[in-house]
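You will see two complexes here that share subunit A, one where it goes with subunit B and one where it goes with subunit C.
Here is the complex of A and B:
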C-alpha cells in the first residue's frame, strides 16, 4: 500500500513540474499554453542529447531544461507577445501550432522511434520499503519535486520579484499604472514556466520512454490537474498533481479497468462541486 | 390600479457594502420611468436585481402579479421582462434581419425544428419586419450588424429585446457613448415606441438631457435608497437631490488662501479624443494644468472624466490626433508603465488595491515596479498625512475598509514619486472624517510640489481643495470655474452639476 502510494507520488512529480509552469503562466499571463507538454518533451530530448554528448546525467539535467528555457524565451518573445490582446482562440491556435511544429521537428531530427536512455549509476539502486523494492530514482524525483515546490513558494512569497509577479497576476492594469514593465515580466515568467516543464522532461528521461507524442500525453493530464486545483493556483497544481498521481497508483491496484478514467472523474466531480477548482478563486 | 412591476423592501449587500438598502417602487402600466443617482447609488445593482442577474438578500420583485424574485434572467424574459445592456450585444456577422430573427424564432420555438411548416416561418419573417420598422431599421435589414453605427446597434438591440413581446423593457444607459445627433435619433425612436404601445420602460441613465427629455417620472437613488420620486420638475426642485448632486458645502471647511504659487504648465492636453470601440467618449478636450496646481475635473457621472484620466495615465490609448505633453515632452500613446516612470500616477475610483498583499506590500510593489531604491514618500511621511494607515501596514488589502483602501491607494501612487497625481473620485463614498484627512493630505501633497488633477462629480471636495475646476458635459469641456466661482454660486456650475 505505502509502496504503491510512493510510486504514485513520484509519478505525480513529473505532472507537478509541468502543471506548475502551466498554472504559473496562466495565472500571470492569462494564456493557456497548449505547447507546455511539448516543452516537457523537448526537455527530455535535449537532456538525452546532452547525456549522449557529455556522458553525465547531471550535465544533462542542467543543460536540458536550460535549453528549453531558451526555446521558451523565443516562443514568448517571437510569437506569443503578439497575441496577448487577441481573443483567446488565437492564443490557443498559436500554442497548438507549436505542439504540431515541435512534434514534427522532433520526429524529423530524432526519428519516431522510442528512446530509452539508462538510469544514472548513482541513482540506479533501490530501497526496501516493507516487502517491496522502490527504485532510488523514484525517491530522487520526489525530492526534486518537493524542492521545486519549496523553491517556487519562497520565490513567489519571499522575494521582491515574486511580489511584483503576484501583484501583476492580481491586477495587470494597476501594476502597469504603477510602473511594472509587464511585457518584460511576462517573458521571465514564461521562461521560468518553460524551464519547469523542461526539468520535468529531463527528469523523466531515464525512466519513461521518450517519444514524440509524450508531450500530448502529459499536457492533457496537466490540464486536468490545473483545472482540478484551480487555474492559476500553484498550491492547487501541487495538490492536484498528488491527487492524480495517487488516483492512478491506487486505481491501478484496486480497479485497473477504470484507472485511466479516474482522473477525469475526479475533475468532473470537482467541477460540479467547485467549478473554480480546489484552490482557485471564484470569479464574478 | 395594479402595477406591472412592484418592488418591495429590496436589499442587496456585497461583503460589507450595502448596494441596495431597501427599495420600494411600483410602476403602473405604460410610460417611461428613469432611475438616476450619483456613482455608487446602487443603480446597476438595482437593475440587475430586476433583470434577475442578481438575487436580493431581502425583499420581493413582483411582475404582473407573480413573484419573480428568484427567477433566472431567461425565465423573466419569458414572462415579459426584457432588458438591454450598457454594452451592445449583437451578432456582428449576421445581418440586421437575422439578428432579430434569432430571438423571434427562439420564441416561436422554430429555431430547433427544421421540419415545421414553411408558413410558420412567414409569420416569423413578418414579425421581424415589424420589429425593424418599430425601431426604424427596416431600410438596413440586410446590412451586417457589425457595419451599423453605435446608435443603430442600440436600436437593433432594442428590437431584439422586443422580440420576446415584453410588457416591461429595462434599458441600461441606452445612449452611452453616442454623439448628440445619434442620441436624439435613438431618443426619438424610444419615445415613439412608448407612445405607440402599452410597453412600460424603465431606464437607467446618466445623461440628464436624456432623462428629462424622455421620462415622465424620475426616481432618484442615493446610497441604495429612493430619496426622491416624482415628475421631472419636482425632481429638479427637490432640495435633497440638489444637495446630493452639488454636494453639501459645509462638510469640509475651505482652506484660507489658495496655496502655492503656480508656475509653468506641467500638463498640456490638446484635442484629446478617446473612447472604447465604437463609443466615442471624449471629444476634442483641451486644457493645461500648471505645476503645483490642484485642478478638479467636474461633471456628472458618465461625462467622460474617468476616460480622461485613463487617457492621461496611458491605460486608454488616446485616439489619433490627440496631443498630451508632460513638462513639454509629448507622451500621448505611451504605455502606462512608461508614464509611471515619467512621473504620472493614477488612483482609480475603485482603488484597485492588491487584495492578497498587505498594505506595506502594496507600497513595495510601487517601489519595485520602478526599480527605485528610495522614495520621497517614505512610510513615516505617509503616516503623517494619513494617520489611520500607521497601524495597518501588515493588514491584507482585502481586509481594509473603503476609506483605508482609498488612503492606501493614494499612498501607493505617491510612492512612485509622481509629479502629476491623477485622482478619480477621491471623496466618493467616504465618511466626512476621511474626507477631511484627504483634503488636508492633498494640501500637503501639493506643498511638496506635486500637481494634482482630480475628477469628481460633486462640488464639495473641489470647493475644499481645488484652485480651478474644468467642467465636462457629454465628453466635452464646457466650462472653466475659478476658485471664486467654486466658492460662490456660479450658475453655470449649478446647471452643469445639478439635475
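Here is the complex of A and C:
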C-alpha cells in the first residue's frame, strides 16, 4: 500500500524535473514552451551518446543535460527572443515547430529504432521494503528529485540572482525600471529550464526506451502539473508532480478503470475552485 | 509526418491512371501473356504507424512493402504494370486511419489498401471498405473481431488479413503456458482492444488446457505509457508465478527493463511477451533482454528453415542492413499476395481479385499458407521460443522453439464465443 505510493513518487520525479523548467520559463518569460518535452527527449539522446563515447553513466548524466542547456541557449537566443512582443499564439507556434523539427532531426540522426543503454551496475540493485522490492535506481531518482528541489529553492530564495528572477517573475516592468537586464535574464532562465528537462531525460535514459516522440508523451502531463500547481510556481510544480504520481499509482490500485482520468479530473477541479492553481498567484 | 505529394503531380498521376485504366479494359484474349494490359501503375496505399515511440514498427513495415515492390517491378511488375506504393502515418488513431483510407482511394487513386497496426483502426477502416469498394489487406492489427465478426459473420468481403491474429498471443501462448510450472498468472498489458482480447483468450484457453490455473491480477497500461513501475509494483503485490504481457514496441522495451530493476525475473517462474520477438524489441533491449523470457511474433526471421525464408532474409538484409521484423514479412506478403491474385484474376477489379484471393495458397517467407475462404484469414504457424544471447547474432534470438500446427491454435468457423 505505502509501497505503491513510493513507486508513484519515484515516477513523479521525472515529471517534476520537466515541469519545474516549464513552470520557471513561464513564470519569468510568460512563454508556454511546447518544445519542453523535446528537450527532455534530447537529454536522453545526448546522454546516450555521451554514454557510448565515455562508457560512464555519470559522465553521461553530466554531459547530456549540459548539451541540452546549450540547445536551449540557441533556441532562446536565435528564435524565441524575436517573438517576445508578438501575440502568445506566435510563441506557441514557434515552440510547436521545434517539437516537429527536433523529433524529425532525432529520427534522421538516430533512426526510428529504440535505444536502451544498460542500467549502471551500481544502481541496478534493489532493496527490500517489507515484502516488496524497490529498485535502487528508484531510490536514486527520489534522491535526485529532492536534491534538485532543494537546490532550486536555495538558488531562488538565497541568492541575489534568484532574487532578480523572482522579482522579474512578479513584476516585469518594475524589475526593468529598476535596472534588471531582462533579455540576459531570460536567456539564463531558459538555459536553466532546458537543463532541468535535459536532466529528466538523461535520468530516464537507462530505464525507459528512448525513441523519437518520447517528449510528446511527457509534455501533456507536465502541462497538467503546471496548471495544477499554478503557472510559474515551482512549489506548485513540485506538489503537482507528486500529486499526479500518487493519483496514478493509487488509481491503478483502487480504480484502474478511471486511472487515466484522475489527473485531468484533479486539474479540472483545481481550475474550478482555484483557477490560478494550488500555489499560483491570483492575477488582476 | 506523412509524406504528401504536390497537388499537380497527384492530379496528373490520377488522370493518367484513369486514362490507362480505360485503355486497359479490353483484356488480352487467349493464353496468359506477360502483359495483362492493366492500368499503369497499380497503386497500393499503405498506412502504418510512422511517428512517435512506436514508429519503429511502421519503419519495418515500410521496408517490407518497399522490398516487395522493388522485386516485383524489377521483374516487370504485376502482369506488366509496375506497382506504386504510397505510405501514410496511421498514428494508431481511428479517425486518422479512416481519413487515410478515404484519401488513398478518393484522392490518390489507390487500387488496393494494405497495412494498419491498431486493431481498432483495422475494424473502423474495415467498416468503410464496401463503400470505398477496395480490398484491404491488414498486415498487423490482430483482433479476432476482424476475421470472425467483420468478415465471417457480417460478410464484409473486401477485408483480408495476412498476419496471424491474436490466436498467436492468446491461444498458442496458452499451449506454451500449460506445460510451464506456473499456476498463478497475472498480466501487464495495453489498455485497448488488443491487450484485453489477448488476455481474455489466454485465460479462457489456458483454463481449458489446465483447469487448476489461477489468474491473480491484471494491470492495463494506457497507450503511450512511459513508465511501468506502478504497474509492476501493483502486479507483483499479488505474488504471481508467471507474467503474461502483450506490451509491444518501445513500451515492451521499457516494461522489460523496469521489470528487471524490480527483480521480477528472479521472483517469477515465467514471463511471456506475445510480440517480444519483434525485431525492434530484440534490438531495442539487446543485452538487457533476460534469457529465458518466452516471446513470439507474427513471423520470426529464424523460422521456418525454408529456401523462401532464407532468400527473403538475405534480400532484406542486403537492401536494408537489418534483419526483418514481422511487419516487414506481413507487408511483403500482402504485396506478393496481391500480385498473385491480380494475375490470377487478370484484373484489378475488386470483386474479381476478392475471388482470386479466397483460398489463395502462398509460399511466403513465414511458410506455406492459405487464405481461408470463410474469414479471409491467412493461416500459417509462428513459433514461440525463449530468449537467448547467441554471439552469432547482433541481437538476442529465440531458442527452444515451440511450433504448434495451425489446427491446434487457429479458431475455426463458425467461431464459438470465447468464454470467460
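One rule holds for everything that comes next: the second predicted complex is superposed on the first by the 284 of 284 C-alpha atoms of A that agree within 3 Å, B and C clash if a C-alpha of one lies under 4 Å from a C-alpha of the other, contacts with A are read in each partner's own complex, and residues count from 1 in each chain.
Note that in this section a residue touches a chain if its C-beta (ideal position, glycine included) is under 8 Å from a C-beta of that chain, and two chains touch if they have at least 3 such contacts.
All of these numbers come straight from a predicted model, not from anything done at the bench.
Chemist: Put the two structures on top of each other at subunit A: do subunit B and subunit C fit, or clash?
Modeler: These partners fit in the superposed model.
Chemist: So in the superposed three-chain picture, is A:135 touching just subunit B, just subunit C, both, or none of them (first/second/both/neither)?
Modeler: In the superposition, A:135 contacts subunit C only.
Chemist: Specify the partner with more touching residues on subunit A, choosing between subunit B and subunit C.
Modeler: The partner that reaches more residues of subunit A in the superposed model: C.
Chemist: Examine A:7 and indicate which partner it touches, taking first as subunit B and second as subunit C; both and neither are also allowed.
Modeler: A:7: touches subunit C, not subunit B.
Chemist: Answer with first, second, both or neither: which of subunit B and subunit C does A:172 touch in the superposed model?
Modeler: After superposition on chain A, A:172 lies in contact with neither partner.
Chemist: After the superposition on A, what does A:180 contact: first (subunit B), second (subunit C), both or neither?
Modeler: First partner only.
Chemist: Just subunit B (first), just subunit C (second), both, or neither: which does A:36 touch?
Modeler: neither
Chemist: At the Cα centre of subunit A, what angle separates the centres of subunit B and subunit C, to the nearest 10 degrees?
Modeler: It works out to roughly 130 degrees.
Chemist: I'd like to know which partner A:160 touches here: subunit B for first, subunit C for second, both or neither.
Modeler: Only subunit B is touched by A:160; subunit C is not.
Chemist: Closest Cα approach between subunit B and subunit C after superposing, in Å?
Modeler: Taking the overlay as described at the top, subunit B lies 28 Å from subunit C at its nearest C-alpha.
Chemist: Which subunit A residues qualify as touching subunit B in the complex?
Modeler: 160-161, 163-164, 166-167, 170-171, 173-182
Chemist: Over in the complex, which subunit C residues touch subunit A? Could you list them?
Modeler: Residue list for subunit C touching subunit A: 1, 51-53, 55-56, 58-59, 191, 219-220, 222, 224, 226-227, 229-231, 233-234, 236-237, 249-251, 253-254, 257-258, 260-263, 267, 280-281, 283-288.
Chemist: In their shared complex, at which residues does subunit A touch subunit C?
Modeler: 3-4, 7-8, 10-11, 14, 100, 103-104, 107, 111-116, 118-119, 124, 126, 132-135, 137-138, 204, 206-209, 211-214, 216-218, 248-249, 252-253, 256, 259-260
Chemist: Looking at the complex, which residues from subunit B come into contact with subunit A?
Modeler: For this pair, the touching residues of subunit B are 313-315, 335-337, 340-341, 345-346, 348, 352, 354-357, 361-362, 364-366, 368-370, 412-413, 416.
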